[in-house]
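Two complexes, one shared chain (chain A), two partners (chain B, chain C).
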Partner chain A sequence: MTRGVEILLSGLSLGLLYALIALGFVIVFKATRTVNFAHASFVLFGVWVVAQTSPHIGFAAAVALGLVAAGTLGLAVERLLLSRVDGRKHDALAILTIGVNVVLTAELSWRIGERVLPLGAPWDGHVVHFGSVVLPLSVIITIITVPLLIAGLAACLRHTGWGLAMRASIEDREGAALAGVRLKRVSAGAWVTAGVLAVAAGIGLASFPSPGVAVSTGTAAIKALPAAIIGGLDSLGGAIVGGLVIGIAEVTVAEYQASLSFLGRGLGDVVAYVIMICILLWRPSGLFGAKEVSRA
Partner chain B sequence: MPETSRLRMAGRVPALCALTAALVVLLALPLYVSAFWLNMGLFAMAAAVGAIGLTILLGAAGQLSLGHAFFVAVGTYGYAFLAGESGGGVSGLGLPPLLAAVLAVLLAGVCGLLFSPVSSRLRGIYLGIASLGLVFLGHHLLQNMKPVTGGFEGRTVVPLSIGGFSFSDQADVTVLGVPFGAAESQWYLFLVVTGGAALLGRNVLRGRPGRALRLMRDSEIGASAMGVDIRRTKAAVFVLSSMYAGAAGVLTALAFQRTVPDYFSLHLSINYLLMVILGGLGSVGGAIAGAVFVVTLPLLFSRYADSLPFVTGAGGQGLDGSTAAQFVYGAVVIVTVIVQPGGLAALAGAVRPLRSRRPAEASTP
Partner chain C sequence: MHKSRTLGLAAVALASALAVAGCSTKAERAGTSSAAPGVSDSTIKLGVLMDLSGPFAGTGKTILDASNVAVKEINAAGGVCDRKLALVTRDHGYDPQKAVAAYDEMDPQVLGYLNILGTPVVTALRDKIEAKDELAGLTTFASTLLGDKHLIVLGATYDIQTINGLDWLVRKGELRSGDSVGHIYLQGEIGENSLRGSKFAAGKLGLKIVGQQIDPTATDLTSQVNALKSAKVKAIQVDSTPKQAASVAAVAQAAGMEVPIMGGVSTFATSLLTTSAAPALTEHYTRLSGLGALGADTAAARKLAAAWTDQYGKAPEASSGVVHAYAMTKLYAEILGKTCEDLTRPGLLKARSAVTDFTLPGLLPPQDFSDPAEPSSREAQVLGVDKDVFAGVKPLGDFFASDLAKEYKVPSAG
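After this line comes the complex of A and B, so read on.
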């Protein structure tokens, strides 16, 4: 029972982190109809900045710097590269982000190499006891912070001018443009938001109990792609559900690894993809995705 | 003879001459160059076969697959298992190698067919992400199905033999004073397979199926109004591309003579994608050129590390060959998409003064 609660909460925390990354995918997709394959390298870039700077300027300042850096990176990719391609060629844009991902990952992998950079977070190594339940402090912080972040994002989308412009342009691009919505600003905003969400999630992924920032942090971020797909690429709520499903499944499978040994070792790492393929066989556009995801 | 067709014939003469010259050079190459270059050519040709399959899928049908590495792995391990003998911790069926090679390609096709409930209902980029799952699932299976795959360590591959002639170092053949080992004899085998794959790909793209695929890419509604069964066509082109990947896998197995699971990662899928994008989507010649570029670049960087700036050998301060190559690929893809979406094929078309080919056969999605 105790162990069950621990697994559920750890899974919830991991799932919320995946949900954050998946939200980044979805928000860029909704605003620009582009699948951002460079998202995993945004995560890695942001936490790398945090890990590099936190010994010098303190953790809080490093996090702020990391958020700004990844937001700027998202903006730079959108302004300098993607805006130069015809926005209706969604596949070409996606391929462009693959190119960006290849370059960024090569650069960061080369800089990080085999090392594991400690994040220097104040909660590293701390655990919390609730009766007989023992959890890392980072899990508790994630469970509290991430829903607040998501609620903040939802409030932004609902109550700010940017959010209104965003929703209008998602509904009807041309109509919104005619009504005076600046589409450039909307898509730039989406890319910045995606970058910021990516770093926030990356900090969680690289926190205790994981040892720190390594090249594999970026690989972990790729698992948010199935999360976004399970929920449906154009559904913000779906991204959250997908993230939670994958996070909880991964932690549970890793826990009961011993009794699932006939399925092979390391099953926890692939369970996300297995779930994705199963759900796609059943519902090709995800659980909450619009039926016709792309129009001719 | 009408004026236009005479002009077309006249335009073809230089192209035919160039093709013949290239063929003569390719056929004579094993007599002159060392095994390093031949092996590099083998890897490039193996990749070219897979890239042709992907360019049909992505370029003509507009269906993105990031699962190509999975089907390459099916071909590789299918061949290794079917042709291999049991022993040393792995089992095998010990079939005749040629039969095993054909069955391995068919096996990749069957795997593609099993994925058809997904591949026939999704389009474009969505299929790309869905097929991404196959790579990770495949890697997991390769690590854990030890009797078939040999697990993390991998397994050795039986060389191909046809009618008693073995394409390996065992064959005691000397041509014009050059001993023909594995690299030399396989060179000709690979040339034949790549040539056949290219011809088949070209005919598929230029013929009725290619027209149906391009129409489907541009408008599914239009295509179905013209009598193209969309779901069937999508499934069929995915199966065809899987079989190309399977053939590439068999060739890869033969070229490496050993297989390890880590080779068949997402990295390989992305490399295949880079090949077809650099080459120009929907162009067979472009896919081959892209494959040669992507495969040879890291090997060349590693070989000439001493004379290149920024690049050093393993353990040095600078970039190693494969990382340097990653920078080049990524940058070239970005530039290609922004500046010349048609890739190398369109570039070749642009510099050619007398265009003999039918124009704009390969356009971007």
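After this line comes the complex of A and C, so read on.
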């Protein structure tokens, strides 16, 4: 029973972090119809900035700087690279993001090397006891703060001009442009938001009980892509559900992998993709994705 | 015109004859077959197949850097068989297909392979290495790779290291017959090889092993540590990535588990001492290694640490990786030195078996390579964490081989 609660809460926490990353994928996709394959390197870049600056300016200021840096990176990628390509060529844009990911990951891998960089978070090293259940404090903080972040994002989309513009541009790109929506600004806003969400998630992934930021932090973030696809890639709610499904499944499979060894080694690594394939076979547009309608 | 052409032809013929005579003289002097690849009058070229761009790029670079420190030392001391050593390096990015292509391209240029990183890569290349009668040093301690005269596994294997570690904990009074020991281990070669050792030792010492298998990408090991706490384990053996081992130590301490944590050879990285896991590692964690540490207070360790600092500035992330690659290069030079009259691939294989007492005092216990099916050593050393020593770990005693480790039979080799 105790183990079950621990597994569920750990899975929930990991799932919420995956959901944050998946939301970054979804927001960019909704705004530009492009899958941002550089998103995992955004996560790594943001937490690397936090880890590098935290010893000098303190954790809170470092987080603020990391958020600004990743948002700026998202903006720079959109303004300097993607905006120069025809926005209707989604495949070309996606391939461009793969290039950005390769360059950024190589540079960060070179800078980080084999090192583990501490984040310096105040909750590092702390655990919380609920009776016999023992959980890292970071898990509790994640479970409380990530839903608040997501609610804030949803409110922005619903109640701000940018949110309205984005929803309009998704509904009918040309119509929105004719109505005065500045599509470039919508797109830039989406990339900045994705960068900010990436850092928030990265801080969770690199927090205790993980000792800090390593190159593998970016690898862990890649698992959020199946979460976004499971949800439907253009559904914010779907990204959250997809993240939770993947997070809880991953922790559960890791826990019971000895009993699941008949399915082969490394099931924890591939379970996200197995779930994604099963769901796509059942619902090709994902759980909450808009169905494409085409006339023969 | 006609005369000058005749003179030209004569000059070419003379030059060719001299060149042939010169080559013959060199070949006779060296006593080598002219077909031996990688061997010239002045140089012996050895291959290094590393991951320099993939998931273990950091490790690959460390190995390459440490090999270069040793090569520089060897060449400064006159080289081997009156020749300088030279490394031919190729990056495989931890991709067996790339590794096969790199091997095919570099193979005609080298006499043998000083170091190959990555079990999948070794698996992909084994048949080729065997078919060409080559000798290849490996960066692994897996006893499952013993038994092949073409491969060098340097030092005590994972299973033997673990046996020595548990034996040490019992001798120190940290464990008693009837106690439970948690073993958190990576799926795959390292973890399962070590688990074989812990099960053997547990059977002999009256301990009970509570296993927790993990995969390399697992970041939160709270659940595993909590399971071990519920099982009331008195010690934890960890065979994981350094980041995971740090996580285990930190979570265990935060959860109030005051038990010793014994890590396998690949569970420590120097930068962990800057993280929040540092106090837990310093207090509870020790590491087993078949190799010495750069932080040891021995002349050899100090010399290597100084050479490393001179060339690369700061302490390496993996002290054991540096010592292993350095020792492997010195060992390869020793093997070459035993076959100066026959610098061929079969000659190298023969010479390998003639190395029965290779040692680097203070860094590496005596190694015997006469029987490829046996580990070259059954000795290991317990290392403790100390942020004030070079690269963060120092020996807590001498190298030792427990009676259990001597008695243990390694898995039948392939």
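Quick notes on this one:
In the analysis below, the second predicted complex is superposed on the first by the 290 of 296 C-alpha atoms of A that agree within 3 Å, B and C clash if a C-alpha of one lies under 4 Å from a C-alpha of the other, contacts with A are read in each partner's own complex, and residues count from 1 in each chain.
The rule is simple: contacts are C-beta pairs under 8 Å (C-beta built on N, C-alpha and C of every residue); 3 or more make two chains touch, one makes a residue touch a chain.
In this text the structure is predicted, and so the values were computed from the model without any measurement.
Superposition of the two complexes onto chain A shows a clash between chain B and chain C. Residue contacts after overlaying the shared chain place A:Asp269 against chain B and chain C alike. In the superposed pair of complexes, A:Val85 makes contact with chain B only, with no contact to chain C.
Of the two partner chains, chain B is the only one that A:Val100 touches; chain C does not reach it.
Of the two partner chains placed by superposition, chain B and chain C are both touched by A:Ser109.
In the superposed model, A:Pro226 makes contact with chain B only, not with chain C.
Shared-chain residue A:Ile277: touches chain B; no touch with chain C.
In the superposed pair of complexes, A:Thr2 makes contact with chain C only, with no contact to chain B. Superposing the two complexes on chain A places one region of chain B into the space of chain C, and among 221-229, 257-265 or 329-337 that region is 257-265. Shared interface residues of chain A (contacting chain B in one complex, chain C in the other): 106, 109, 265-266, 269. Across the interface of their complex, chain B is touched by residues 35, 81, 84-85, 89-96, 98-107, 109-110, 222, 225-226, 229, 233, 263-267, 269-270, 273-274, 276-277, 280-281, 284-285, 293-294, 296 of chain A.
The touching residues of chain A, when paired with chain C in their complex, are 2-3, 6-7, 10, 14, 106, 109, 113-118, 124-127, 134-136, 139, 205, 208-212, 214-216, 219-220, 251, 254-255, 257-258, 265-266, 268-269. Across the complex, chain C meets chain A through its residues 53, 55, 57-59, 61-62, 187-188, 211, 213-223, 226-227, 229-230, 241-243, 246-247, 250-251, 253-255, 269, 271-272, 274-277, 279-280, 317-318. Remark: chain B residues 62, 64, 117-118, 121-126, 128-130, 132-134, 136-137, 139-141, 143-145, 219-221, 266, 270, 273-274, 277, 319, 323, 326-327, 329-334, 337-338, 341, 364-365 touch chain A in the complex.
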